[in-house]
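One chain, chain A, appears in both complexes that follow, with chain B as partner in the first and chain C in the second.
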Partner chain A sequence: MSSENWKNTVKKTATKFAAAVAITGAIGVGAAAAQETFKVGIVTFLSGGAAESFGIPAWNGGELLINLLNQGGVLPPPYDQPGFGGMMIEAIPVDESGGATKQVQEFRNLVQRENVDAVLGYVSSGDCLAIPPVADELKAFTILYDCGTPRVFEEGSYEYVFRTAAHAAMDNISLARYMESRGIEANTIAGINQDYAWGQDSWADFVASMSVLVPDAEVETALFPKIFAGQYGTEISALIRVNADVVHSSLWGGDLQAFVLQAGPRGLFERSQVALAAGDHVMPQLGNKMPDGVIIGARGMNGLAARANASPLTNLLWEAYEEEYGVFPVQAPFRMWQGILGLKVAVETAMAANGGNKPTAEELAAAMTGQEWEAPSGLIQMVLGNGHQAIQPNAIGTTKWDDATGQMTLVDIEYYSATCVNPPAGVKAIDWIHDGFPGAVCD
Partner chain B sequence: MELLAYILVDGLIYGAWLFIVSLGLTLVFGILNILNMAHGSLYAIGAYAAASAVGAYFALGGEAFPFGSYAAMVIGAIFVALILGPLLEYGLLRHFYGRDHVILVLVTYGVFLILEDAMKLIWGVTPLFVSEPYSLLGNVEFGPLYYVTYDFLVIAVAILVGLGVWFVLNRTKRGKVVLAVIHDREMSKTMGVNVDRVFLISFTLGVFLAALGGALTAPMISVSPSIGVNVIILAFAVVIIGGLGSIEGAAIGALFVGIARAASVHLLPEAELFVIYLVMAIVLVFRPEGLFQKTQARKI
Partner chain C sequence: MTEFIFPRSIPLACALALAVLVVVGLILPDWAMFLATMAFSKGMVALGVVCLMRSGLVSFGQGLYYCIGAYASGLMATWIGISDIFLMSLLGIIASGIVAVIFGPLLATYRGIFFAMLTLSLSMILYGTLSKMSVLGGTDGLNVSAPTFLGYHPEGRALGLSLYMFTCAVIVVYGGLVRTLFDSERGLISLAIRDNELRVEYLGTSVRTEIAVTYIVAAIAGGIGGVISGAAIGHVDPEYAYWTTSGEFVFVAILSGYFSIPAVFLGSVVLEIVRSFSNLYFPNTWQMSLGIFLLIVILLFPKGLGSLLSRSKKPEKKQ
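Take a look at the complex of A and B:
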């Protein structure tokens, strides 16, 4: 960063802080609360392969929301009180890259040296599996805001750990429901997914869901290139050769961008219906290089699907994000927003119960258990994992380039209620799929 | 029969790309005796430089003659080589010649880490796209499949670059000097060969080949941080199969890996990753020095 940029950033931050202090005073929050801060360690990928697609947009969205919350009175109720219950929010960003062992050390640093009041983070499923036991050991209130593996609360139980986003099974159940409800021909399916837990699980969930909803669908081929492979020429040949009706992919980031760039000119998108389980995050970068007619999910009612649903909260954050960063928000900032807003609700609920004091980790955990709140991505309900794991609505749409605005849009969007695409409490996602979604409530 | 043809074409395309990426690595090892861990970063910087050059070309009115973007890509790779080649060889590596192999591996690994961060400082983490050169040449129909003509351009470049390097080394006077340095650098020095200059030029050529690999790849991918990490692993596999320091070996190794991988993707996709290292393991069992490396007597 140049010295000029640095000065501007400092000046901007100082102005925002001054405004926050002024507004806090003006609306009459108690003096003790106004002077106190709530320290949150925010852990996400600031470098490495997942930074550009998930980490940086999430951090940008988080920083933006924290600034707005600290100003107070900007967001609609119930988020209009400054900071968290009048306490200014102090974010301490930590880079998630480096693997689970490093992250456990970073987590200990945040809790024991930085004395944070809460940790909110983790995109990688590996990190999400490694952190919870340490969080419980240190009695540190922790929110997992992004990662997808269902294993965290299906195989474990934690007192101080919560996940404010639905796990990944929802993504592929929704895709299969979209195929069924839209009558998309899917007699044969093929897949290209990365060769690690995320890709393997996504494919397994999709195939299992299709076998229930579209029982005639047959798997032609399942390709699992290495993560960050970058070259997909051979895989594209194999997909075109088998000529499946539907090609499923949960590729993300640079891998997905490369796949779209290489498959487009070779006609894969014209020959097969391509369905991208989590593909919305590459749309701003690819622009019109993303073909029309691709079925896209966003791991929740996020990004363009949320914009189309237009709540005042979504519109406000969407426009602020676009103005600040010159690009529209995709799934990552939405998950960060729902995590931060969930934390705000938990802090303020706990403060209401303890007479307005800064809540302890135990009080936060009690307030968060079974909590629900409105986020830009819809109603978030902590109903799984004994009230520690969220469910949320989802949306699937189809890409269509809009020449007038020069932006990719989503059309034919189908919205799914949380209870339609998430298993009920006490049931493992894959068992729920295999059993034919018993108890699913679809609007 | 049709399937066999697809496997061969896909394998050839992938192998050609691998060969370009691996050639610089094997050349630097063959001449300078350095296992250059920074090769992947040089590839990535080549991709970034090409993306920037092509972007600038179109921004300056290149739409009128889009084919000029290919020249912009090569100029980007040359630019990288001319800056980073001398900087790294003269400014750093030269001070470590004669040290243990492991020291040089650690030094170049350090360079790799520095360059990874330098890329983020220069280009940020937002990916760059320059897909225009990829689709500019249209498609080639091959049975029910379309191939992008650009893929065949990569094959042509691989053949040209491979033959060019081989010709210079084996059929020119300057190449003979380089071979003399490879065989015995002390003896070459006593015979009046400027070994330092040979090293400088050879390393710069190695950097150019890495950057060229990146430049040719840039239109096919989104150029973003960390794209060099996987490439270095694959390039190592190729040069180990072919024999460290052997150009012919790198060509055959790349072809083996390309075809084995293509066969696996088409026939047994579960083994796609395994098959590359299976080929490497089989070669090493029968030829521990690689396919084309001659067994050398150790100097005492």
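Take a look at the complex of A and C:
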């Protein structure tokens, strides 16, 4: 190597080094500015069977809300501060598919590698059971926003984990109450639910609630096709043969769509009163393929039932969502909004208490415990599981196609206050049902 | 020089590997340590697949033992309150060993697709059974409390580090034993079965026995892998026995090849790293990026990553 070449090499290296230093410096500045952001890992299904029905609409709703919040002043008070207490929200979306094992790994990566300030997510009950012990171990503030299993806070107790949506018992208790209050003939009931924890629990809750509220109801048959079966010919034949007064189902997503499309032409909806515990989320896709007169729950006062109530927050979500995505919002975005708004309230409460600093996980947990806030789906109150598990009002309605607007609507909507369909603190949901709902306060 | 990089003595190689792993563990950040623990525990199961692959058999149901190990230890932790990782591992070994002793001789008469399908169906039977058992949490599974180490109850980073160390010790010891087995007469016969089963029989060996023994060795590796995964994750569910989980182990085995045992654990780590980062940076297309990565690896290293590690060894053998 000639000396000229060597000099050049030195020069180049020096330039590169200088550039590297400059870049590192820039990153350093970035880190300083990062004080002004609040990082949230958002975990929901972006692929797989639950993506289209729950994950994607939820993430769409979440992205929409985060943008609105970062703009500031768009939402009515008390949500008019930009971001979370002035800090810009930075969301890191993560796909929930792949099972609980993978989710625990991803959760650790979010907390330990990406240093998120909070994690908000989880649709699958299995994930919701696996994550909390890890969250407590890592002292990471975590919000479960969607999953249904009551086991999370009935079997365990966690310091840093909160669920901002009511658990699944509410869905089926409300359905049974609807049967009772509207005097729907239900001498015989049949069920078709997916063969996994969600389907099994939903059916058990419904049967137990019916045996209290409509004691004459007799179970004719309980069918448990496997999840993602997609073909229900045999089950529909069986349901038609038993000819029960009421057919209960907690099917969701593609399974529910397939069931409705296959059962419709065979006349199941004319023979039996079909009640879908979580049916609202397929209404945009099915349109007028969803028969009239089906009893529909939305796992909370979500979707069309909330729209009929027309609070300013609901209208804001409804219109912004429709404008952005060309379809009306169903339960998933509502649940995502109540989770993010809950997080916002927790962050701002904690900041008010600590003098405006970015709150630690401990401060967030203290602020979230027993908190309550308004969401598009009504008042969310963290009263169960020592202030870690939310209760919320619910609504059940009946479908009716509106020819004039070309849209599916809900009629005969009944609203249930949170205390009417959720157990009081310290009582397991299934025991509460079996004991005949002691202490329920219904309006 | 190659002697130095690849010591011929297995105990020496093991000691070296353990020393390196321990030192690396001390400096790893928490997330990477957890990733390594998981990759190694899954690597144990993949090692089982590799054992069988040497005889030309692909087990598509190694998740069976992964799941048995995880549930055996998880249930004992919940029911009797055992949380000692050594005792849990022993339970996992016993449970998976018993099941393998029952099914091993039966499966040993099948080859090719029949062997693959039978192993797959056994693991899916376990999956179906566990999914139905609401006592065990059904499809949602159950939580496993944090492991203890001979009366030591670590928390935070110490817990992760202890489990990592335990895992390293396990893989080094088991890896060493398996290497010894591979190099032994029995191990070489397994390799010969792949080439010509009939000849091996004529040489006076029972191919069935050889395969059954290999199957049991593979099952025990799977059981231990399951125990460690369950303890690390803190949760077990029937997904452990699902066929996609087993498929992942087969993939690691293909990725690593059957030439080198360290390659199996390396392959497992590589897969975990790729998945972890693609999941974060391509939340919507992580499966695709993972698939592209797998394709590239298969095209570039048809005999697996192990062929890289053992290449320098081959000329020596010819001397």
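Assorted remarks:
We take it that the second predicted complex is superposed on the first by the 408 of 443 C-alpha atoms of A that agree within 3 Å, B and C clash if a C-alpha of one lies under 4 Å from a C-alpha of the other, contacts with A are read in each partner's own complex, and residues count from 1 in each chain.
Here is the rule we use: a residue touches a chain if its C-beta (ideal position, glycine included) is under 8 Å from a C-beta of that chain, and two chains touch if they have at least 3 such contacts.
Fair warning: this is a prediction, and the values are worked out from it, not measured in the lab.
With the two structures aligned on chain A, chain B fits next to chain C without clashing.
After overlaying the two complexes on the shared chain, residue contacts for A:Glu159 are found with neither chain B nor chain C.
In the superposition on chain A, contact of A:Glu235 is made with chain B only, not with chain C. Once the two complexes are laid over each other on the shared chain, residue contacts for A:Asp195 go to chain B and to chain C alike. Of the two partner chains, neither chain B nor chain C is touched by A:Glu180.
Legend: residue contacts after superposition of the two complexes on their common chain; A:Glu90 is shown touching neither chain B nor chain C. When the two structures are aligned on the shared chain, A:Gly126 is found in touch with chain C, with no touch to chain B. By the document's definition of touching, of the two partners only chain B reaches A:Ala258; chain C does not. Of the two partner chains placed by the overlay, only chain B lies in contact with A:Lys289; chain C stays clear of it. Of the two partner chains placed around the shared chain by superposition, chain B is the only one that A:Arg266 touches, whereas chain C remains out of contact. With chain A used as the common frame, the shortest Cα distance separating chain B from chain C works out to 6 Å. Looking at chain A, you'll find residues 47, 195 touch chain B in one structure and chain C in the other. On chain A, the positions that touch chain C within their shared complex are 46-47, 92-95, 98-102, 104-106, 108-109, 111-114, 125-126, 129-130, 133-134, 137, 149, 151, 156, 195-197, 200.
Residues 47-49, 51-52, 56, 195, 221-226, 228-231, 233-235, 237-238, 240-241, 243, 253-254, 257-258, 261-262, 264-267, 285-286, 289 of chain A are the ones touching chain B in the complex.
For chain C in complex with chain A, the residues that touch the partner chain are 29-31, 34-35, 38, 131-132, 134, 137-143, 146, 155-156, 159, 229, 233-235, 237, 239-240, 242, 245, 272, 275-276, 279-280, 283-284, 286-287. By the touch rule above, chain B contacts chain A in their complex via residues 3, 6, 9-11, 13-14, 17, 120, 125-127, 129, 131, 134-135, 139, 144-148, 151, 217, 220-222, 224-227, 229-231, 261-262, 265-266, 269-270, 272-273.
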